Amino acid sequence: MLKIGIMGTSGYAGEELLKILLRHPEAKITAVAAKIDTAHIGKLYPWLNGMLDLECGDMSAEEVSKKCDCVFLALPHKVSMQFVPVLLKAGKKVIDLSADFRLRDAGVYEKWYEVKHECHEYIKKAVYGLPELYRTDIKKTDLVANPGCYPTSVILGCVPLLKKGFIETDSIICDSKSGVSGAGRVPAQALMFTEIQNSFRAYKVNSHRHMPEMDQELSVASGASVSVNFTPHLAPMERGILSTIYLKLKKKLDTKSALQLYKDFYKKEYFVRVMDKGIFPDTKNVARSNFCDIGLQVFPEKSLAIVMTAIDNLVKGASGQAVQNMNIMYGFEEKAGL
Amino acid sequence: MLKIGIMGTSGYAGEELLKILLRHPEAKITAVAAKIDTAHIGKLYPWLNGMLDLECGDMSAEEVSKKCDCVFLALPHKVSMQFVPVLLKAGKKVIDLSADFRLRDAGVYEKWYEVKHECHEYIKKAVYGLPELYRTDIKKTDLVANPGCYPTSVILGCVPLLKKGFIETDSIICDSKSGVSGAGRVPAQALMFTEIQNSFRAYKVNSHRHMPEMDQELSVASGASVSVNFTPHLAPMERGILSTIYLKLKKKLDTKSALQLYKDFYKKEYFVRVMDKGIFPDTKNVARSNFCDIGLQVFPEKSLAIVMTAIDNLVKGASGQAVQNMNIMYGFEEKAGL
Amino acid sequence: MLKIGIMGTSGYAGEELLKILLRHPEAKITAVAAKIDTAHIGKLYPWLNGMLDLECGDMSAEEVSKKCDCVFLALPHKVSMQFVPVLLKAGKKVIDLSADFRLRDAGVYEKWYEVKHECHEYIKKAVYGLPELYRTDIKKTDLVANPGCYPTSVILGCVPLLKKGFIETDSIICDSKSGVSGAGRVPAQALMFTEIQNSFRAYKVNSHRHMPEMDQELSVASGASVSVNFTPHLAPMERGILSTIYLKLKKKLDTKSALQLYKDFYKKEYFVRVMDKGIFPDTKNVARSNFCDIGLQVFPEKSLAIVMTAIDNLVKGASGQAVQNMNIMYGFEEKAGL
Amino acid sequence: MLKIGIMGTSGYAGEELLKILLRHPEAKITAVAAKIDTAHIGKLYPWLNGMLDLECGDMSAEEVSKKCDCVFLALPHKVSMQFVPVLLKAGKKVIDLSADFRLRDAGVYEKWYEVKHECHEYIKKAVYGLPELYRTDIKKTDLVANPGCYPTSVILGCVPLLKKGFIETDSIICDSKSGVSGAGRVPAQALMFTEIQNSFRAYKVNSHRHMPEMDQELSVASGASVSVNFTPHLAPMERGILSTIYLKLKKKLDTKSALQLYKDFYKKEYFVRVMDKGIFPDTKNVARSNFCDIGLQVFPEKSLAIVMTAIDNLVKGASGQAVQNMNIMYGFEEKAGL
């Protein structure tokens, strides 16, 4: 059994890792760290009582590293980069769910995250952990930069058409709607039940930190310099992201051909499901699963394709994809535990 | 006191009319009709007990007309057009919440609604009941065609920029999110609590019946033939619509000027609130009110304006606007009861 | 117009007072205070923009008192008692929504609230603001101690049977379920949307601070020393309390007679609706209204009566009742604004 | 691999069986039947696409029986009893989630369910599938009558104290709160999202069909003839039951001893978790799991014990327990798949 450590257990991504890894046939959780007073993990998560018998507390990377083979970092950006060198030097494999190693260009990182990047050399080692695009590299790396939730939903929705040169790359519009767990677990008045239940609103319009990540990967796919328009919205639901993507066509295309193109592109991908004509994704169909559902329709008379993707922000958008990456890194069945 | 009849009391728009009109200082509800066995209205709506003492049942337009001065039709399309002639001939004023008299072109109506329009002559008499655009006409008419919920949110968001010629009229994208009450009260598995709570999805992509209504009014505003792209979504909340509208600019513009343009355009409108720079609307701030909140940001380097509007689909999107129209028709204070 | 001040505007009860008083035909809000940096009230509550033009900030009781005739205190316990003397000495009428003047016995107050009561002399002046029981006294007082939400729901449900001596006073069981707004607006992880949406749980089992208030009033009603069993629960909804009350009978009774007894007891009370046989209250029917709905059934073979009451915790359970009290104190129509 | 059939796949219990059994290491779903037009199961449940490749349609018990070793009946009462004989005669093991074989006394069944029981002889063969009480019998039977959701939550909460004779058996009060999935999937206006979201109400007060099931098992446990008071409530959440049980004590007891008694009683039971003093169960901690959490507190001065239990109505209250029973019947690890 592979011994697993989780740092940042007290957030939603950390909690989701626990749920998934407890069902994993090849992995065993052996260390759980969080910035809390040390106590049995069942105190933090009463649902876990009887299922996992570990103390959870504020452990250093060194301590965690002694107890595990593979470490998941479900930490805020900036914190991860302090732990990654320690863990890699100790010979561990690391899957980092923060943003610290996702952007190839440290300058872009520093601009968007407004902090100095302190370990440039690891950026080069890191592989962007979107298995549908980088499986071969993931197999060989010790450091996966697990993608953001919104980028996962947008990139998987755009790449097939972009790669084939169908899209005007200067006018991509991504209108995304996310469940509230995406906003994290730090208490805030705006996230209270009473405030959220009847609330639907956009935030960080064309200024969300996930944008450079989308731009980076869509530029790779298209060969052009892409700069997306991205409007994230908060929806009154626990989990799930639906991204509605508007793509201006520069070549003739119809719905049937476009769907075929997506089905071909993802034909070996278990976790991407391209829907039939006239059917669109629904977040409830991917809730608590690692699937990304994709539906689309082309409006040739308007030179427009509308692509929709649905994922669970905590699973394919975070912890599920992280475990998928682990499975690839260790040669397990890719859907083990998922 | 103006005597009010409501036909179609058993749907959500009918119920909302009851709520609003009970608080109205100049109106008194005197007839409530619905396709149900006749019973005290408190049986249909227990919340009304003690507040309204009327029988509700399946009354004809003739019967209703005898008891009222002004009749609200909260009926399905096709049904309204059977009642309107009767009521107008009896000298009543009518506010029709259905789609039957919204479209100036009966052919367009017949294409989208797939039924024959049986009273063309009344289409000409009807005024499209968006007070911010047609107040003068509303004052003089006996028949108001109350706008659809989505069109209200989209038209109010687009008109100021469109009128001034800032927008490429062939690439307007409206991404709208609506609460579930917009889907009506007829039981359906897809609308059950258990099915909706974790569900976010699009429906009727670029094929919703509210599109010709938007096209008609945006064409009037712009002087061009507009054909919007419209993607409605169902959000897991009771009420509210947020429309995120993407407008391609054909002239130079910045956020400050655009906001000023909207503030000027709506400066005499009590029910339209243009927000300050950097602030975007939230459905919870318009819940149960007749306000339409508008926020926007311009991205000059991308030649894009993003306009967002929030309304309550049952109030400014239906029954509140209907009462606003009544207030205008009868010379009451425009916000009476609202 | 009566000039109204609200202290504690930033909590849910304060916000609800704003909603109700803005519709009040005889009252005008002239001062709004809260422990925040002074700013236009529309910044705190964007829904208010265009409706109320006042600055809100950290004002002293003296400052508020200069601007108003009548002051609502929507403050935490212990804070109210510091302001009440100032306001009363300035000749204002005060409606206090905190617990500070509800309990006749300062010792009981000090035991349950674990603070010293610093103005015993005002306890005697205060009238417990449950209009259905104390209307005559409310008319004459300058200081109303507005009841707690749970006590309102329990007392109104028990008093008719208790007064007539039908109930074993030593085994009253009140199983109450409250919406989340009852827990207030201070951010806490346990109250976040993501934590609440699937959560149903009891808290403060037989140890909630509203118990002595119930005991006090039920003891008055019964003439015995009542000590209720009270289990409050948190339900995943915004507002509403349903109390299910189990009463052991010591005399013969059937459902029909019991209902008649309640209908007689409340026959002059607009805001209490006793339901017909076989019908039970639903929080949705009292949402945003000042009604208390009561349903009951007697099981003679088990010597048990089950009484259920539904109120909106923020309206009849707080701010609506407070306005009802104001109406009584000033001789306005009792349902004005409600 | 054990071949599994599910009849009644289109309801919530059927859907939950699919979720659980797909993760089961020893079982393989080979037939899925429902009263719908035959189609790929992915049409009924889009979340299943890629995970299960079966047609689902209106199959007879004979057809299902040919494809499986073990059949789950997630059917309405009265329907199950028509299929059970066929399946048993064909040598299959059957786990029936309906009420048809839960009550030992056919007369009681006929009174509460208002239909004739047509296969009395199978009532004797059936074992009441509450593993914590009947594990030995379950091991040996071919027909399990899977308990109702409310009875599971009430019986597990009462039995330890009842068995030891601590409780007055004539005054047990069970106040239960259930998520909406308990009401099934048949569309009804009262179950629509818009109707439920702000609704909390009781229903079938002391007249719910799960009562005779509780009475039967609590009578067995206590040796007396128990007749519970049972008030079920509908809470605005997807799943979960919290039962708050009020037990009058006839012997001295304190919280510590009572908790010890429960911990001893359930010490070998993986799926029952007795909580520590001062901690009470929360439905969210058992959501999507087969656990039953129990918390309690004794109030000696009031001779009252309050016991609370939380289960997921679709898991421990239905399909999870059904799989637990299957595991016992086939000698699998009891928590396999759960």
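Think of it as A, B, C and D in the order they're written, each chain with its own count starting at 1.
By definition in this document, a contact is a pair of C-beta atoms (placed from the backbone, for glycine too) under 8 Å apart; a residue touches a chain by one contact, two chains touch by 3 or more.
Note that the coordinates shown come from a computational prediction; the quantities given were computed from them, not determined experimentally.
In terms of C-beta pairs in contact, the better-connected of the chain pairs B-C and C-D is C-D. Greatest centre-to-centre distance from subunit A is found for C, with centres as Cα means. Rounded to whole angstrom units, the spacing between the C-alpha centres of subunit A and subunit C is 46. Averaging C-alpha coordinates per chain places the centre of subunit C 39 Å away from that of subunit D. Centre-to-centre spacing of subunit B and subunit C amounts to 37 Å, using the average Cα coordinate of each chain.
Touching of two or more other chains is recorded for residues 195, 197-198, 236, 238, 282, 284, 287 of subunit C. If you sketch which chains touch which, every chain touches every other chain without exception.
On the subunit A side of its complex with subunit D, the touching residues are 23, 46-47, 49-50, 197, 270, 273, 275, 279, 282, 284-289, 291, 293. Within the complex, the subunit A residues that touch subunit C are 12, 180-181, 185, 187-189, 191-198, 236, 238. Across the complex, subunit A is touched by residues 170-171, 173, 175, 177, 179, 195, 197-203, 205-206, 227, 229, 231, 233, 235-240, 242, 244, 246, 248, 280-284, 287, 297, 299, 302, 304, 306, 308, 310 of subunit B.
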